[in-house]
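Report on one structure; see the data block that follows.
Each chain gets a letter, A, B and C, in the order it is written, and its residues are counted from 1.
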Amino acid sequence: MNARHPGPTSDRYRLEQMDADADLMVLNFGPQHPSTHGVFRIKLILDGEVVVRAIPYAGYLHRGVEKLLEKLTFAQGVPIVDKNDYVAPMTNEQALVMAFEKLLKVEVPRRARWMRTIFAELQRIASHMLWLGTFALDMGGALGGGSGVFIYTFRERDYILDLFEMVTGGRFHYNTHTIGGNRHDIPPGWDREVIKVLDLIESRLPEYEAMSSNNAIFVARTKGVGVIDKELALGLGLTGPILRASGVDFDLRRDAPYHAYDELKVNVATATAGDCQARAQVRVAELRESIRLVRAGLAGLPEGGINGGKPIKMPQQFKTMSGQAYVGIDTPRGELGTFVVAGGGDKGTAPYRCKIRAPSLHALSALPWILPGHTVSDVVVILGSLDPIMGEVDR
Amino acid sequence: MQGLLRGLVYGGLIITVLMTATAWGMWLERKLAARMQSRIGPNVVGKFGLLQPVADLMKLLQKEEIYPIGADRLLFDLAPFLVTTFAIATAAVVPFTAEAVGADLDVGILWVLALGGLMVIPVWMAGWASNNKFALIGGMRAVAQSVSYGVPLVLTSLVAVVFTGTMSLSGIVKFQIEHGWLALWPPGPGVVAFVLFYMALLAESNRIPFDIPEAESELVAGITTEYTGMKFGLLYVGEYVHTMVGSAIAAVIFLGGWDGPFHVASGLHWMVIKTVALFASVYWVRWSLLRFRSDQLMRLCWLYLVPVSLGLVIFAALWRHFVLR
Amino acid sequence: MGYLLDSIRALGVTAKNIGRKPVTVQFPKVIRERQERYRTSFALLKDEQGEERCVGCLACERICPSQIIHMASTKKESPVTGKKRGYLDDFTLDMTACIFCELCVQVCPFDAIVMLKVPHEPGYAREDLVLTMAKLYENGEKPLTWGNGTKLMEMQEPPKPAPAPAPAAEPAKTEAP
């Protein structure tokens, strides 16, 4: 693509053309490996400890969600996408539900939109907390300082799950979004609990930063590692924090507002370096911004009904024979898009085709470009900085 | 004949004490780490989980021993035993009090450093014999790291030797009783030498932030990837013993051994307190820091630790020549 | 030098956390306090006269995304009211494939199927994870979760005209305990 990233198929990485004495070693990194964030395999071709070529293999967690969505009706499809991006189920539901709403032309009431905003931002905090923990874990190891950060962030993430549990009854399988709005209203006193948790997280964030993102060892490990420049990021279709860390000021929340983001002003964090440190900085800045957004959302939460359509009574409730819709929303990992074509199932009760554009899959496609030249230690750092969720990659 | 008997008795005693101390050192570490991470730690087996090391031992003994295909069986079997043996053998010269010392060698420090240097051989054996690429990389890293960090370790020990004018460990302690602890006196260089020694010790015993040979997030488990059962246990114990003995030696060289602060109530208990405190601090560091990359580790060693410790040696020589006479 | 100072700061953080109370909840000994709406296993309810609420209308069987609910029913005369209605002959809910979406609870017009606040007990065989009709009626005695079909539907009522903003949130307030 350019001089810095010649691309995995360019001559520079053609094994036949390498020095015959180079003594290369093939290392299968994963699928069973502590730091591949699930079941992901990278075939690394090493010269000593330096990666010469990296070939990623995804697909070990394929569950056929897209096919299932064709089989299930519109009403039934929502709960099954919870498991795609298993770190941020809320935003998965939202992406799917919004596409269905657009296709079926259902209006969402204002209160439901604000609630969705609050859920999405709380989910972003939870997801970025988990990312910070696992990223430190990649660097510090399960038997080291990394696990300290990991357990601290998990401790606080659990409070957010408790908040979701208060509203939806689920800690993971929320199924709180429905076509036309939300299924669960916020219980009384919930906002006070949220503020309490946010205060706690805000007061403890400097601690995590002292142990991870502001730490000199962290900086030494991440600075200049895994640089994705603007051109490559745009060329590969990277989105979310990765794109913003590469110097592209793009955020769907601000540039194509959905939910209540048109009323809440979003400050988009960007960085220009494009390395692992920049990605970490962007995510930590987003954490702070999300805390602010949740506070603002709670303050401005309107009253009213939460479901603009009809509550689900039977599976064949929503029907359409024509049309297609694409909705992309900004999840913690980037643009999660859902493209849905009407006309499947029994007389249009199900999507004919439902395609989920997973941001993690695109993020992983950067690996063959950025891994060569780095050592094995950097591989886990780069992989961690991309924050891939395998459930979403393989679907 | 009497010497042999004494050796056997003392040797048996030191192995027993050291292994027991290490076992409960592991318990201490797990408890400490748990509290640092808002957890409880082992608390099921025995009161406060105190019997956890016994349970772990039982578990390891019951496990099946697996030889990977293509492994070099002799080296694969030998490595864990050598690791533990070398680690324990180092303890022979550690003076716990003026009397309680296995062999008060005139060149005690040399014995310690030599055995510490030898540790790299079984580690490499384990890495090579496993026929596993992760283990191989771990072994390569271990060799590079041990060899590099051996240099500042030797140089900082040399600081102590130059100051005190003796290579005998009990001689060093006696000098400190007379003149003050090396970590505190002369103010400044002593404490720098101690910190450098401590860092080199962390690196030699493969502890975070210098634990790249077994960096489990990268290399699965480094050299121990293919080990199972008691052989894994021995590799594991070997590391802990190494850390424990290293702590004891740091206490002897820089913290005055069995000498109490201001010579108050000197005795074995002070040696134990200092060793355990240093041992615990190693794990405090371990559970707080992230780890370096291997090339950063080498840079840190050769660009900072080695020159500084060289300067310290020169300073020590000048001090010895002009101040102590 | 930066390494040293930052390392000391990190050491400070871990030292500070030693003083904090552990957050571990040792599961089998201590059961965590769950929220009002927490939902896990299932139960079938009987009404005040001790009659089964479920009439076998198949609403839950049809809506279930995992298709794990199966039922059979016959029409009989009710001994209480004397009217003809359906009675369950058989009802099974396979917990091995349940995704806890709460849709069956929502669609039930008679509030017959509800969810539990206490998790399903583990078993030694796959059959132990299948909730039969007897087990489901037994579960009715256990602590139930807040939601049932009526409440969930009430909560999602379409927005009322301007003067009454509260009703949507109100039911939760009054009926929560």
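As a convention for this text, a contact is a pair of C-beta atoms (placed from the backbone, for glycine too) under 8 Å apart; a residue touches a chain by one contact, two chains touch by 3 or more.
Predicted, not measured: the structure shown is a model, and the values here were computed from it.
Novice: Quick check for you: compute each chain's CA centroid and the global CA centroid, then name the chain with the smallest gap between them.
Specialist: Centre-most chain by C-alpha means: A.
Novice: Between A-B and B-C, name the chain pair that shares the greater number of C-beta pairs in contact.
Specialist: A-B is joined by more C-beta pairs in contact.
Novice: Just how far, in Å, is the C-alpha centre of chain C from the one of chain A?
Specialist: For chain A versus chain C, the centre distance works out to 28 Å.
Novice: Calculate how many whole Å lie between the centre of chain A and the centre of chain B, each centre taken as the average of the chain's C-alpha atoms.
Specialist: Their C-alpha centroids are separated by 43 Å.
Novice: Could you grab the centroid distance between chain B and chain C? Build each centroid from C-alpha atoms only and quote it in angstrom.
Specialist: For chain B versus chain C, the centre distance works out to 55 Å.
Novice: On chain B, where are the residues touching two or more other chains?
Specialist: 36-39, 209, 287-289
Novice: Which positions in chain A touch two or more other chains at once?
Specialist: Where chain A meets two or more other chains at a single residue, that happens at 145, 148, 152, 155, 211, 215, 217, 220.
Novice: If a residue has to touch 2 or more other chains to count, which residues of chain C qualify?
Specialist: In chain C, 3, 7, 10, 13-14, 17, 23 touch at least two other chains.
Novice: Quick one: in the complex, what on chain C touches chain A?
Specialist: 2-3, 5-7, 9-10, 12-14, 16-17, 23, 34-39, 59, 62-65, 99-103, 106-107, 115, 145-147, 152-153, 155-160, 165-166, 168-169, 172-173, 176
Novice: Report the residues of chain B in contact with chain C in the complex, numbered from low to high.
Specialist: 32, 34-40, 209, 284-285, 287-289, 300
Novice: Help me check something: in the complex, which residues belonging to chain C touch chain B?
Specialist: Interface residues on chain C, with respect to chain B: 3, 7, 10-11, 13-15, 17-18, 20-24, 26.
Novice: Going by the contact rule at the top, pick out the chain B residues touching chain A in the complex.
Specialist: By the definition above, chain B touches chain A via 36-39, 133-134, 137, 140-141, 208-209, 211-212, 215-220, 286-296.
Novice: What residues of chain A sit close enough to touch chain C in their complex?
Specialist: It is residues 72, 75-80, 82-83, 109, 111, 145, 148, 152, 155, 158, 162, 165-170, 173, 175, 178, 181-188, 207, 210-211, 214-217, 220, 303-308, 310-315 of chain A that touch chain C.
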